[in-house]
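Shared between the two complexes below is subunit A, which pairs with subunit B and subunit C, respectively.
Now for the complex of A and B:
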């Protein structure tokens, strides 16, 4: 393996890691606050990308990528809140909410995916890249767009981290995740917070969708593979800290890049899932987790 | 072990036989190939969904690899039947074995996990299975799957001949066999261990159940059933597709499981038919079909959280309430003479706070003696007392709401020990009776104690077959024998065999003399049983015990010496101050000594009443001096 190949693998892993970090953080946000796993997250990614395409693409409205991204992120925030009120809230008091939310979010995913199919059709589409052209780094040439994706993802995650650490709303979110009853007693409107957490998670999914759409092709089921990866990442990193899934995302991204090089495209997911199972058995709270849930 | 009658004696027998007969006749009556195909699919999905229910519903183990294990069964069938070229029947057997083995392997990492983590690991495990299958493309055909798998034949008869009628009957047979196995498991000791492990894990472990063994058994068995179904599916569809590892089929089967009602076995089978048929209705709508089905699923889950099975129970309850009310109305109109002949008392209807109540009253200006009957009985159970005691007492009894010829009532408001005590008050008030002697039998005993404890002026209090409770539900376990037919006392729907059992335990086997009591069990509003016993917990038991311990009123316990429901030691341990000091049981009186040994009972009751009268006369004289 030459140094150049190694750098190529490393950079590919970092780009993957940045995308996974965005998706996994959104997924973890819902898991920690609501205690459920959102199987519609993958479809949120697709829907976000398609809304952005509708606004941005010259084949549709042609208003530019920035407008498309803005509309998509705000729109997905609202859709996420709606989904919470329609699919999760009715079962909040049910003893088997964990299983019921699996089936309702799966049903929600089916509905959204079919809606995407009906509205935009099954053919592949692509968003225009954030930045054009290539640049050279560490002796290899990579597209400026991919670097922009990494940078943007990191900025957004940092902003989210600050929001959760400093902003009153973010702190309330962490409080609810740590102890719902105590938070409620302190006057926090838990229901509204759940809705906001769901909306925020959907907005992060939309952003991930836009970034994926600008680096690869989009189709109505583009979210299902990233959903599985995000699942691995969340389990890998644990949800004890906000940063857990982010570290894990980059580790998984790099692992995937290395695995693809070493054992080939087919076997790398198997190895990843197998590693995940081993991690879960050895340390169910995740690699970076203490045994307590919090954002 | 708890009382649990066999399936042949349960109320499920007749509907199951009817449905089976109809399904067995379908291919003979209709040559519609498409309907037949849909039914075969429903049978297969019924097996998969109901076997999933064993681990998910009964065991509370969210094994989301269950559907992947079904697909493993399909591939195992293909491997044996096509790649190795062995008998396809062997392939179906191997499909079950392979799915069971893989399930056991998946169980290992989730032994120490719970809840959502099991979901995630099993989903990951099914992804691993998927990746392994598609990476071995020279054997499994990769992403395009295995095609033209061998069809089944038996002694030269090919199953796909004659419109695949052989497959139809084989699938039906497999569904019956799988349901039989699941039914047997859930009612065995092991089945109870599975449920115990779900409900109170640490208690179950401390009672010596092994969590590892229970989980391993549950997941392996449910996967093996699903694997056999997968093998059959392979021979029927003749393809093994890797798409079946995906979330699509998983969602479809999970929707069947939850729509039917988890933890019921029957519900998921019902839902398998429902979902297969309904989704066919929308087949022409293309992408809209999935949207409609998903919306329907969400709407049903929101409005009927218990699923189709709960909906069916609601219908059944409505029917049963109509039936029992109609029986009561008919008997009120036509059987009155017979009943009055039995008691020798006049029957009237009295309006109370909890509905119209049938009352038998011998009348006259004598000391009143009120009899309150027990669960699922009627006032005529006291016929012997009416006749023997009417000369000295004004004997009164009434049918509780939902019992005898009284009307059915609102279960929430009117079926509870408190409401029944209200009824007793209202009846006594309507008859103009003051400070009566009150005898309560079984459930009626609690009503009598409740009446006295709330301060209603009474002369004496006597009970039979009623263990006074200090704390519920703990004392229920101590006072009653759980192996008896006691569990039936709170069951909404009794099958004919069950109501026969219950009547035989409470009032003796069916003879011409006790036939009316057996009929009374059939007439009783099932909700009266379920709600009254269900609300036992909200009765003010400490008040009852305080009242009995204060010995403010002459009090007697007249049990049968061999009452099948009771733990007699419990009465001795209570050490309540009562008429004869130690409990003085009536020999061979069983649960109803007044009915089975009327002479001895009447003698004792009268002796108690006379002693109480004498005592109160002495007190009155003492006060007068």
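Now for the complex of A and C:
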């Protein structure tokens, strides 16, 4: 393996890691705050990408990528809140909400995916890149678009981290996640916070979808593979800390890039799962977790 | 209803579906007065207080606080079919955030608060309930004067605090919410005698500063110094209402509650 190949693999892994970090953080946000797993997250990715395409692409409205991304992210925030009120809230006080929400979010995912299929058709589409052209880094040539994806993902994640740490709303969100009853007694509107957390998670999914759509192709089921990877990342990293899934995302991304080089595309998920199982046997609460909220 | 009542609970029924925990609770509090609840464990005091603050939906009865009705009027609809998800189609009778924002603040029993937040962060979200009713910085000062230990522990996470410190933070959080009426559910539960004394005097200071209290405690002597009326809670009902003037001794209460002499 030459140094150049190694650098290529590393950079590919970092790009993958940035995308996984965005998706996994969105997933973990709902998981920690509401205590449920959102199986519709993958479809949110696809829907976000398609809304952006509808606004941005010259084949459709042609308003440019920035307008498309803005509409898509805001739109997905609203759709996410709507999905919360339709699919999660009715079961809010039932003791087996975890199981029920698996079914309802899976149903939502299936319905949304078919809606996308009906509206936009199954053919592959692509968003225009954020930045055109190439740049050279560490002796290899990479597209500026991919670097923009990594930078944007990191900036958004940092902003989210600051929001959760410092902003009153973000603090309230963490409070609800840790002790719902005490939060209610402090006058916090738990239902609204849940809806906002769900909307934020959907907006993050939309952003991930846009970034995937601009670096690869998009199709109605484009979210299912990233969803699985995000799930691995969340379990791998543990959710005790906000940064857990982010570190794990880059580790998984790099591992995947290395494995794809070493054992090929077909075997790399197998190796990834094997590594995950070994890690979980050794450290059940995840690589960076202290304890895990029981779901 | 008269304006002199701060809290007026009329015929409150409630419990955990389908199990009724307490029946027909009538409890009133005149402006500026405090009450104590006393009764054996497992008789529904905590459930009653949780219902009062809206965490558990009441089945029947009304709650008036500071001239406002806290619950939606009317009895709760029938829940005849046990397997039907009534929560999906019925609105709750009480809204805990509205209760907290009205100034009825509940410091729950054995409060765990938010284990992974620092004390400073925990105190910083408390003013949600008091928005527009109090100056947060001023109240924070008051809390620090009352509990110097809380000030020392500001940057520590709540789960690293001792039980007593946690209870101090919990009460501090209650004060940050600018209570018009503060509910303390067994504030000295499980604490060492020394800490107990420290907390008890702090609670007396709070009472002295003009905050009315509803206190549940197992220590009659402690209650006696704080409250004007004592309610005896027995098998989910209020079995007796005792004014301060004829407050009984511990032995007499034991006799009242259990019908026998414990010595």
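By definition in this document, the second predicted complex is superposed on the first by the 291 of 295 C-alpha atoms of A that agree within 3 Å, B and C clash if a C-alpha of one lies under 4 Å from a C-alpha of the other, contacts with A are read in each partner's own complex, and residues count from 1 in each chain.
Just so it is clear, a contact is a pair of C-beta atoms (placed from the backbone, for glycine too) under 8 Å apart; a residue touches a chain by one contact, two chains touch by 3 or more.
Keep in mind it's a predicted model, so treat the numbers as computed, not measured.
Look at A:273: by the touch rule set out above, it reaches subunit B but stays clear of subunit C.
In the overlay built on the shared chain, the residue A:128 is in contact with neither subunit B nor subunit C.
Of the two partner chains, neither subunit B nor subunit C is touched by A:243. In the superposition on chain A, A:94 contacts both subunit B and subunit C.
Of the two partner chains placed by the overlay, only subunit C lies in contact with A:172; subunit B stays clear of it. In the superposition on chain A, A:114 contacts subunit B only, with no contact to subunit C. Shared-chain residue A:103: touches subunit B; no touch with subunit C.
In the superposed model, more residues of subunit A are touched by B than by the other of subunit B and subunit C. Once the two complexes are laid over each other on the shared chain, residue contacts for A:7 go to neither subunit B nor subunit C. Shared interface residues of subunit A, touching subunit B in one complex and subunit C in the other, are 90-91, 94.
For subunit C in complex with subunit A, the residues that touch the partner chain are 53-55, 85, 87-88, 96-97, 100-101, 105-108, 111-117, 121-122, 124-126, 128-131, 173, 177.
Residue ranges on subunit A touching subunit C, taken from their complex, read 90-94, 168, 171-172, 174-175, 178-179, 181-190, 240. Within the complex, the subunit A residues that touch subunit B are 31, 35-37, 39, 86-87, 90-91, 94, 96, 98-100, 102-104, 106-111, 114-115, 117-118, 224, 228, 231-232, 235, 266-267, 269-270, 273-274, 276-278, 280-281, 284. The touching residues of subunit B, counted against subunit A in their complex, run 56, 62, 64, 109, 112-113, 115-117, 119-121, 123-125, 127-128, 131-132, 134-135, 246-247, 250-251, 254-255, 258, 262, 287-288, 290-291, 293-295, 297-298, 301-302, 305.
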